[in-house]
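Paired with subunit B in one complex and with subunit C in the other, subunit A is shared by the two complexes that follow.
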Partner chain A sequence: MTMRQHLLEIDDLKVNFKTYGGEVQAVRGVSFHVDKGETVAIVGESGCGKSVTAQAIMGLIPNPPGRIVGGKVVFEGKEITHLPKKELLGIRGTQIGMVFQDPMTALNPTMKVGAQIVEGFVRSQKVTREEARKRAIEMLGLVGIPDPEKRIDQYPHQFSGGMRQRVVIAIALACQPKLVIADEPTTALDVTIQAQILDLLKRLQEEQELSVVIITHDLGVVAEVAHRMVVMYAGMVVETGTVEDVFANPRHPYTWGLMRSLPRLDEGEKQRLIPIEGSPPDLFQPPKGCPFAARCDFAMEICDQQMPVTSEFAEGHQAACWLHDPRAPRIEELVAAGRQGV
Partner chain B sequence: MTQALVEVRNLKKYFSIGQEFDLKAVDGVSFTINKGETLGLVGESGCGKSTLGRTIIRLYENTDGEVLFKGKNVHKLRGKEAGQFNRDVQMIFQDPQASLNPRMTVEDIIAEGLDIHGLNRGMRRERVAELLQLVGLHRDHAQRFPHEFSGGQRQRIGIARALAVEPEFIIADEPISALDVSIQAQVVNLLEDLQQDRGLTYLFIAHDLSMVKHISNRIGVMYLGKLVELATSNELYARPLHPYTQALLSSVPVPDPTVKRERIVLQGDLPSPANKPSGCGFRTRCPLATARCTEEEPIWQEAEAGHWVACHMI
Partner chain C sequence: MSNYLVKRVLMMIVTLWIIVTLTFSLMHAIPGNPFASESDQLPEQILNNLRAKYNLDQPLPVQYVLYLKNLLMFDLGPSIKSDSRGVNDMISDGFGASAWLGAQAISIALVFGILFGIIAALNRNKWLDYVAMALAVMGVAIPSFIMAPLLINYLAIKVTIFPVATWGTWMHTVLPSLALAFGPVAVITRYMRASMIEVMNQNYIRTAEAKGIPMWIIVIRHGIRNAILPVVTFLGPLIASLITGTFVVEKIFAIPGIGKYFVDGIFNRDYPVILGTTIFYSAILIVTIFLIDIAYTLIDPRIKLTNKER
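Presenting the complex of A and B:
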């Protein structure tokens, strides 16, 4: 056990959902890991499986219709993929906290926020009422809510959107978890409030040596808070690496396309945006080969036929793309040829 | 000399909420939109930007002030003139799912305006096919229903519907917010192409500052029902004068990990538009606020040529 052990390891995770239209393969073999004290961002578009991955880690896949059909989730060296509910409660909410997208639906409107914050804390460790109350006030103060002694006895509707999200973060942190999973924590918020919440998450992560998995579709948020990133497309990981590596040198055409399609606030002369044409594949019948092939400017024959193998570049920087096969034509030549064609 | 297509003068829209105070959603806003330009309107939720758009197009009656379209007071138009206005000005909505009737075929959705204004001239099907192709869809799509399309495609249908009656001015209220990043660029490019080909004028309402900056010639920033700053996009980005604009711009996360910026994090939240602070609306969150900001409302003035701002500190 002297080997460095990952705090969280996801290995070849597969999740399906049964629907009237057939079985959707929402997550199709996802692997990544999270170490102690780091922030990992999962990025992708709607329907790429990023939220389902998070739910699978937390044991929150509704069954039926959902089912983990393969792979495993390992937390602190222990497999938690198919843990019975009772054992899962010892981990969910206490060792792993969760922050949801919409703070209004995540909170119980009929319960005072103080009681909601310490709900898990009271259940997992025997504490007196006074201790629980003290803890709730402490947590509200920690997430930057002014006047916590008064606010603790208020209901969620008495809080603004940003303040509610702080309450949700306080709930996630109340049991001092080792890992927090935040699913689009700022998407429902305005930019100036988003800046407050991102600052808070960053500060807490550093102070408490937390590990954070942040799920987002916003590459700006990724660049701002994450150490490493996992890019997902159509239920698969297409690229992963440190944020610096991936932004400086995206190795998958999808990642590259996403970055190119964004307008930048600091763009000087107005340039035409470069979209990724088409839309993601149907996961009822996912393509046999690379899921991005149909939208990829550089697709080759093999891309439609076979799943690409993963190539490694810098340490931990990997991409699943046939272009990195030694037999493939070099992408620079393709780009040059493409430019001539236009 | 550029020509003003739309002129908004001290426009106000209050909603009665059954209390002593009205909710002042739009509270005295003045600006012009020139022919062929794109004016971006940004602000946080609840700042009144959508209400402003809807009052301009007359989905809401105004409380006070006026909107002139080609020199005519929009809220006083009656009969034929009102009908012409409804043709000249069209709207694209945020949620393509909610703004398309799920029980109508795409053809009926797009042709509804043609029918109302008596423009189909027996060429209904051809016109719809033309419009579908114009927005990057296929003519075979005409007989399908909205649920058969993806979000980006639905937004294209919404755009085709707006274009059907050959408008001059389009109000786009958060037209890309509900779309995925890789699809947003497709729709923005389409809007830009249409503008070039048809000389359209846009009022582009959004909260995504980088996209607004990309598409707009000029940008207006709203806070609590008022415009606080208005300038060309490059000027506004390079030299924001109002402290709110400065904070807003610095809050946008930049998709580049090598850029480390000094961020102005505003304290607190947007006050309720039903119970506004006295004086300057922004003073409760403003890092520069003084006693004067509490007592006196700043006036909307042209600080430099074409750069308007409402702040005592200027």
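Presenting the complex of A and C:
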């Protein structure tokens, strides 16, 4: 069997942060891959390590206190985990672009928007002033900002939140990167603007055959834009698969919990949202067994003792849970019960 | 904008008038008078003539109006103690040297203060930061009248690079400028470090990093302009006090600046000199603050000069 080369492959990535309280294991062996032209969503609650994973791909982990202690990031067949600064600069922006969460603070308030968009482009392409200006206008038009000739000479405070996020996207795309990492690109925006930004991302992804890693805690966003999803919990991947497979047949109790905590429009008027009780484990001293065991309704004795092995269901649909071990009790009813919201 | 400028200039004139009035009343509230030290030796008749010459025999409100009249024609009056020279002459003779020294000191303070501040901020909690901060504490703690003799001792006597004192060539200006700059370097270093640390933690710095821009370009292009506002604020009073001369440093280096007139004027109760130098200093301070406000708007496009309350 010949393995197709993935555009981005992350293999057993581990990232620690030193703090005064000890060393936090923020990412504890994350593996996933992104193919050309595909959108992969990383889902999980705050502190599960999704943003740190994104920063690790870009080599943007602040060191100190952060440090990649294991695993590797492979981009286009080349390991970029511990590249020297200079080579890393050649990848950032030009090969991998990044869209940040908060558009209100992600732009330099004292620099004209056009200059910010083409800053990386000018550096990598060595273009003239006019070419750079043309590029800035083109990029602003591409992300749907009206009147781009006038707008490039304005400052960020003259833009609304949604418009600023479009600018941030334009910055990420200015050098035509192959991969864009969007770290909660819609979290700071209000709902109507969220929809516009997601549409924009989706359109650009299709038009430019981009690969996109979108980090979010919003399953609605996942359903809207992603092809595949990676569910993270406490620094680990608990379930991964195509969006269709995971939404239709979630296999990990944490994913069930996420699904149950979503409001549904098709189930009558009054319904309670069911939260996942408890809170994630302490990552200073993570449990030796399944990190979700303490909050899991179906936890067995082994769950506390040993890390679960990963089982595969459909092509690429995997979950790390002991319930899927052949020795585990039959769980069909449990699963059904879980999905119906007990 | 032009509406704002007109209002602003009017405000500046009003401010200056208030300062003149306050100084005038405070000055006459100090016990003594310009001829107090001679009053034992001189006959009463001569003293009366002297008072009449300088209008000191008139009631205070009359003196005040007379002074304002002259001031409107930019005449700061005669100096009572050195009779041949007016206050205008004193200032125009001494201001060149003082302003030159001040300008050099400010340039040194800005360049090194900003540089040290950035280095300290980028190496936060490493030895370079500690060295810069130790120097800054010393700069604030050691007064210029200690720095000046130290500089003279090491750079003019032990190693004879610069002249010890007096005024003449550019070489004469180096040591006094350094002595004047030492304190401000320290203050600017501290301001710059604090605000640079804050700026480098901002999200837009991360955005720039994600574009693949090298750190030193990020610092220059994105860091400095955003971090420099506190330094600019400090610059207003600094410029005013440095270019109008400093008594101590000018005294130590025997520089014919205007610093000494501020002090001598008070000791001699030389009313026109006290008023003249105060007005001169105030005018420069008011104008510098105005220029600084304009500089704000150039540095940060979010700041606008306007009368509107928002």
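As a working rule, the second predicted complex is superposed on the first by the 325 of 342 C-alpha atoms of A that agree within 3 Å, B and C clash if a C-alpha of one lies under 4 Å from a C-alpha of the other, contacts with A are read in each partner's own complex, and residues count from 1 in each chain.
Criterion: a contact is a pair of C-beta atoms (placed from the backbone, for glycine too) under 8 Å apart; a residue touches a chain by one contact, two chains touch by 3 or more.
For clarity, every value in this text was computed on a predicted model and none was experimentally measured.
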Which superposed partner A:Asn108 touches (first subunit B, second subunit C, both, neither): second
Which superposed partner A:Leu258 touches (first subunit B, second subunit C, both, neither): first
Which superposed partner A:Arg67 touches (first subunit B, second subunit C, both, neither): neither
First, second, both or neither for A:Glu277, with subunit B first and subunit C second: first
Partner chain in contact with A:Glu244 - subunit B first, subunit C second, else both or neither: first
Partner chain(s) touched by A:Glu224 [first = subunit B, second = subunit C, both, neither]: first
First, second, both or neither for A:Lys36, with subunit B first and subunit C second: neither
Comparison of subunit B and subunit C by subunit A residues contacted: B
Touch list for subunit B against partner subunit A, complex: 44-45, 150, 152-153, 180-186, 188-189, 192, 207, 209-211, 213-214, 237, 247-259, 263, 265-266, 269-270
Residues on subunit A engaged by subunit C in the complex (per definition of touch): 58, 60, 85, 88-94, 97-98, 100, 102, 105-111, 116, 119-120, 123-124, 155, 157, 168, 171-172, 174
Contact footprint of subunit B on subunit A as seen in their complex: 45-46, 160-163, 190-196, 198-199, 217-224, 243-244, 247-248, 257-259, 261-267, 270, 272-277, 279
Touching residues (chain side subunit C, partner subunit A) in the complex: 202-204, 206-214, 221-222, 225-226, 299-302
